[in-house]
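Next, two complexes with subunit A in common: one pairs it with subunit B, the other with subunit C.
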Partner chain A sequence: MKKGNHQAYLFIAPFVIVFLIFNIYPIFLTFYYSLTDYTGMGGIENARFIGVDNYIRLFSDRYFYQAFFNTIRIWGFNFIVQMLIALGLALLFSDIRLKLKGVGLFRALFYLPNIITIASVALLFSILLDWNHGGLNQMLLSLGFIDRPINWLNSPAYAQSAVALIGAWMWFGNSFIVLLAGISGISKDFYEAALIDGANWWQSFKFITIPQLKPILLYVLITSIIGGLQIFDLPMLLTDGNGSPQGALNTMVLYLYNQAFKYNNFGYGATIAYGLFFITVIFSAITFRTMYRKQV
Partner chain B sequence: MKNFVSILTLIGVLFILSACSEDEPDLIVTSFTDELQEPIEYFEQLHDVKVDLQIIPTENYVNTLRPALESGSGAPDVFTGEIVYLKDWIEQDYWENLSQEPYNVDEWRDDYMEYVWDLGINSNGEVRAVSWQTTPGGIYYRRSIAQEVLGTDDPEQIGQMFSTMEGLMEVGENMKQHNYRLFPDEGSIAPYTNGANPQPWVNENDELVMTEERLAYFDYAKELREKQYTALAPAWSPAWYASFTGPISYNVGWDEIDEDADQSDQTEVFAVSLPTWGLHSVLKEEAQETAGDWAVTNGPTPYFQGGTWIGMYKDSENKDLAFEFIKMLVNDQEFLTEWVMETGDVLSYYPVMEEVAADYADEFLGGQNHYDFFIERAEEIDASTVTRYDQQIDELFGTQVGAYVEGNLTKEEAIEEFYSQVVNAYPNIVVPE
Partner chain C sequence: MNKMKLARFIIYTFLILLVVICFIPFYMMIINATRSNSEILRGFSLIPGDALKANYQTLTSYMDVWVGFRNSLMVAVSVTILNAYFSALTAFALVVYDFKWKNVIFITFIVMMMVPGQLGLIGLYDLSETLGILDTYWPLIIPAIAAPFTVFFFRQFLITTMPISILEAGRIDGASEIHMFHRIVLPILLPAIATMGIFTFIGSWNNYLVPLVIIRSPRLYTLPVMMGALSGSPVAMNLGAMYLGIAISVVPIMIAFLFLSKYIISSITAGSIKG
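What follows is the complex of A and B.
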């Protein structure tokens, strides 16, 4: 037997080199930034090394905590709505009793919102949600649901809900496709056997679909957490970019962006990035643990 | 698979070919608008060279260009900078020192408006960037509405009415009686609050300077809102743009709806505060339908907003040509005269301005000579109050004033929140107790 196949290293080299230069190096550099008061100007070599001061500040920074809870709230609401729609539609389209036609067409239609540039989406919704000139209020008023215009983007709860719902609208198609693929991957035999045994819809959903779908659900959940914790563009574009109204749209990445690029606190921005990194790791770990608890 | 590989190869070959055959430009200019496109074409013909204009949108300009300037790789030969970060950039080694040989731009000094020239000088007394424009602000208003409500459309007389805050509010009341709104939004009044007692946001001891006049913005903004003198169309929103061309929807379904139902759901905006560049980059672009119906006059106090400076990269390999370009853009009488005639931009360069202002009538402004007006206003500008923090602190302040106007916070809460956000953004700044 040969001692080792050294050629293999050659084949993985391109990826490893790119990964080291563009991922690992910046990650370590960011950590170094987080220990300095670097402003992004005048070179990192001239920045002052301040040790863990930035991390001490992070732990007592009420704006960071605000950003954390805002992010969780927006993501959570978004995820629940998105999954209810996506799972419901996936079940509907995969049901062997209903045998719905046009899956391909609907798959494309549901996915459409996802391919619109987020900047256009934000512009579109800021026009629709404009309280005095926007379409939504005008519609609700003329239908008689409300008797005075609601200032959607001026109320923290409405603004956060708006971001969550727009996110759900944009992403349910994506989750739908993944879930539908997952459900299609479950052997029909299970359902037929269940049908013969007299299982009702709820029982086959609970005892076949969900357990079989677990790895896919886990995948959707984790990618959604990672994406959701990084929510930035909609809150940035929908109001003034500073988290208005009253800091309700101040999310973690928006806060990072404003600290680093608007206020030139590169060092502190890097610290926030590390805070975000650890939060993401913790959330992913919890998800993994709970989803695979029984197997372990 | 075979097809795929051959297509990939083809794309690769084409890419290499195109990269080779492309002419290397003689000069690379980076800016945040396409404003320099025409000067560049003029310059290309004049010197028979090829100049590449790279446009990076304003929102990304600093964050895209700055790393290139910091590292030196991919930096352009010539680049512009806005007043927002000008103070930061002239202190860095980005722009070449134009005071030294062979440029000696200090010789030009007397031909320029003092404040514009001084803003390009860093703490060592070196000129790092120069500018061709000046950006005083005024109030643009609709002549037809003025005629109908105020009985005159003469900029002098309207300026008289606008010369105090009380006068402004009086006009606001008058407008409201006729179902017009004085301004599109409350922000239009902001320049005249600090303008009454110009102070820098942050003094040399890193202390935040809060004045009575600045605090008055809270009250004036609230007054505008409560008395319904504005059309609730925030600056740069679609409704704001729409307000320049005709009636916009207003007061849909409010409690206090006027008895006259068909009047209450639409209103027309009378005036807006904008600086010089607002004329050619906002009004002339967006308000073609109302061309000729506009005029510009003074508000209660002078103010200025924005401005673009230009300089050359300190390690450019084409410094001679780069300087020629800057010289043309800033100091070439023939070119600048043409430029002014074409754009209506107001220059900080006296030789051209004096000539043009002597006899000029802008069609969009109903034949008004706005150069005369703006040059006079520019003389009153005090740029010693400019700090590197202005844009961000103004924004934070405006947000809190907005929260107070909307009724989300009391004035005290809003001020407290403002201080807290300033310290959070700039920990070095000391805020009042």
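What follows is the complex of A and C.
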């Protein structure tokens, strides 16, 4: 191990230098901006230092609360749908009695939407869900499911559901693969023993699969929360980029982007970034706590 | 036994239905890319039209999607290579040598992995402006040199797979440290590099927010930024051309996935079980 060698410093130097300049420094810079009324133009030296004023504003900003609840609602709906499909599929494909074939093919097909650029997907759905000429309304009309076009992207509930469901459609394949890998890793002995003891399907699901799957579930949940709180591309490009309809697609990162780069409020945008950061930390911590407390 | 057969039949039907639902949006996109605007306005169809060439001309008269393609490819390849090489070098140093601050660096990694990328976005923008690299690819590419998650992944991989004795033997033969890194460590790391490389590539390819903030000139637009610009451009008047623009950004990736899917999926499986 030892071989004390100053070459080690040389090897980690590129990482450390770039890390400090492009990672750490911008984070501190952003924090400093959050204490000023910097607009993003005219140089920071002309901005006023205003202490925690931006943070006080954040706590009473109803658009930030709106953005927070929109984000949570979209994420929550997305997560439930995505997990139900993914877990259902994982259970089907891991069932020892069913012995389904073609796992490889289905995994690949279900995973495919994950690698498609989200911006392209958002743009595609913005025209598929169009009220007048969108593919979805045209299809539903010609199949006779509806008799007049539905204005999907003009209703807050439909628009939020659309983002949640498009997300579920894109990402369930990934959760499915991860969960299937997790379930396949559980020793078959557990299930055989349960079968001998006369346990039914539900009992072995509840007492073997779920507890054994806990670390994987935690992994899926945490990555989903962190990703979900940062949702941006879909709400940005599905409607006008300002959170239409009626602010229903105003998510936290969209609000950050608009404040900082559309309305030139760098100081307040930086404050939103820190608000988002603390919310992420709190959510991750709560998830860890609850998942591990139940275990003990 | 018959009951099992029936259950299996129902499940396969359901699975195929799910696949069909998953692919309807893409199918509509491809069909509509070949239909003229007036055909699309009139109603939907499952049969391709013959306006592909006209749509292509309309699209390219406003925007060259292939330029976006080339730009995205350039950025993603550079990011993937820098990320792999420097993460490997850093992981190598962390595993093989003892030095001051080693633990501090390692703990910083773990903490930084949890920090969302948007936290420093405004700072990164301003830093780029100060350095005069706004509206260039540098702010998108250079940060790839310092990727804590990749270093962490490589470190775990090296600890479990690289025997230190192989380096001792190299030293006795008079090989320099950097030479050993290139000749011994990099080849050992290759499977891990491939795994992380795929995700780094996809991540960079799909990145929308950072290039949206950094890139101003249309000729430098990456594909996602170009998609965003498409919806506000005159192309949006012609739905056929819109669908075609989106299709051009999507179909090549789908084809690449066909060849790499086995590899990608086994990587996800490995990554999640270890992680």
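Going forward, the second predicted complex is superposed on the first by the 272 of 296 C-alpha atoms of A that agree within 3 Å, B and C clash if a C-alpha of one lies under 4 Å from a C-alpha of the other, contacts with A are read in each partner's own complex, and residues count from 1 in each chain.
In the analysis below, a contact is a pair of C-beta atoms (placed from the backbone, for glycine too) under 8 Å apart; a residue touches a chain by one contact, two chains touch by 3 or more.
Keep in mind that this is a model prediction, so the values were computed, not measured.
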Problem set entry | subunit A as common anchor, with subunit B and subunit C clashing or fitting | clash
For this session: Pick one for A:33: touches subunit B only (first), subunit C only (second), both, or neither.
Result: second
Exercise. Is A:169 contacted by the first partner subunit B, the second partner subunit C, both or neither?
Worked result: second
Problem set entry | Which of subunit B and subunit C A:11 touches, first, second, both or neither | second
Seminar exercise, completed: Larger residue footprint on subunit A, choosing between subunit B and subunit C, goes to C
Exercise. Where does A:212 make contact in the superposed view: on subunit B (first), on subunit C (second), on both, or on neither?
Worked result: neither
For this session: Mind working out whether A:261 is in touch with subunit B, subunit C, both or neither, as first, second, both or neither?
Result: both
Exercise. In the superposed arrangement, does A:287 touch subunit B (first), subunit C (second), both or neither?
Worked result: neither
Problem set entry | Partner chain(s) touched by A:244 [first = subunit B, second = subunit C, both, neither] | first
Exercise. Does the superposition put A:127 against subunit B (first), subunit C (second), both, or neither?
Worked result: both
For this session: Choose the clashing stretch of subunit B with respect to subunit C from the list 91-99, 199-207, 235-243 or 379-387.
Result: 235-243
Exercise. Same subunit A residues contacting subunit B and subunit C, which ones?
Worked result: 40, 126-127, 132-133, 138, 261
Seminar exercise, completed: Residue positions on subunit C within touch of subunit A in the complex are 4, 7-8, 11-12, 15, 18-19, 22-23, 25, 28-29, 32, 40-41, 43-44, 86-87, 89-90, 92-94, 96-99, 105, 112, 114-127, 139, 142-143, 145-146, 148, 151, 164, 171, 177-178, 181, 202, 205-206, 208-209, 212-213, 223-225, 227-228, 230-231, 239, 242-243, 246, 249-250, 253-254, 257, 261-262, 264-265, 268-269, 272-273, 275
Exercise. Contact residues on subunit B for subunit A in the complex?
Worked result: 62-63, 66, 70, 88, 92, 232-233, 237-239, 242, 248-255, 392, 395-396, 399, 402-403, 406, 408-409, 421, 424-427
For this session: Can you check the complex and tell me which residues of subunit A touch subunit B?
Result: 40-43, 57, 61, 63, 126-127, 130-133, 137-138, 141, 146-149, 151, 154, 240, 242, 244-246, 258-259, 261-265
Exercise. What residues on subunit A touch subunit C, complex-wise?
Worked result: 1-9, 11-12, 14-16, 18-19, 21-23, 25-30, 33, 40, 44, 85, 89, 92, 97-98, 100, 104, 106-113, 115-120, 122-128, 132-133, 135, 138-139, 142, 169, 174, 177-178, 181-182, 185, 216, 219, 226, 229-230, 232-233, 236-237, 253, 256-257, 260-261, 266, 269-270, 273-274, 276-277, 280-281, 284
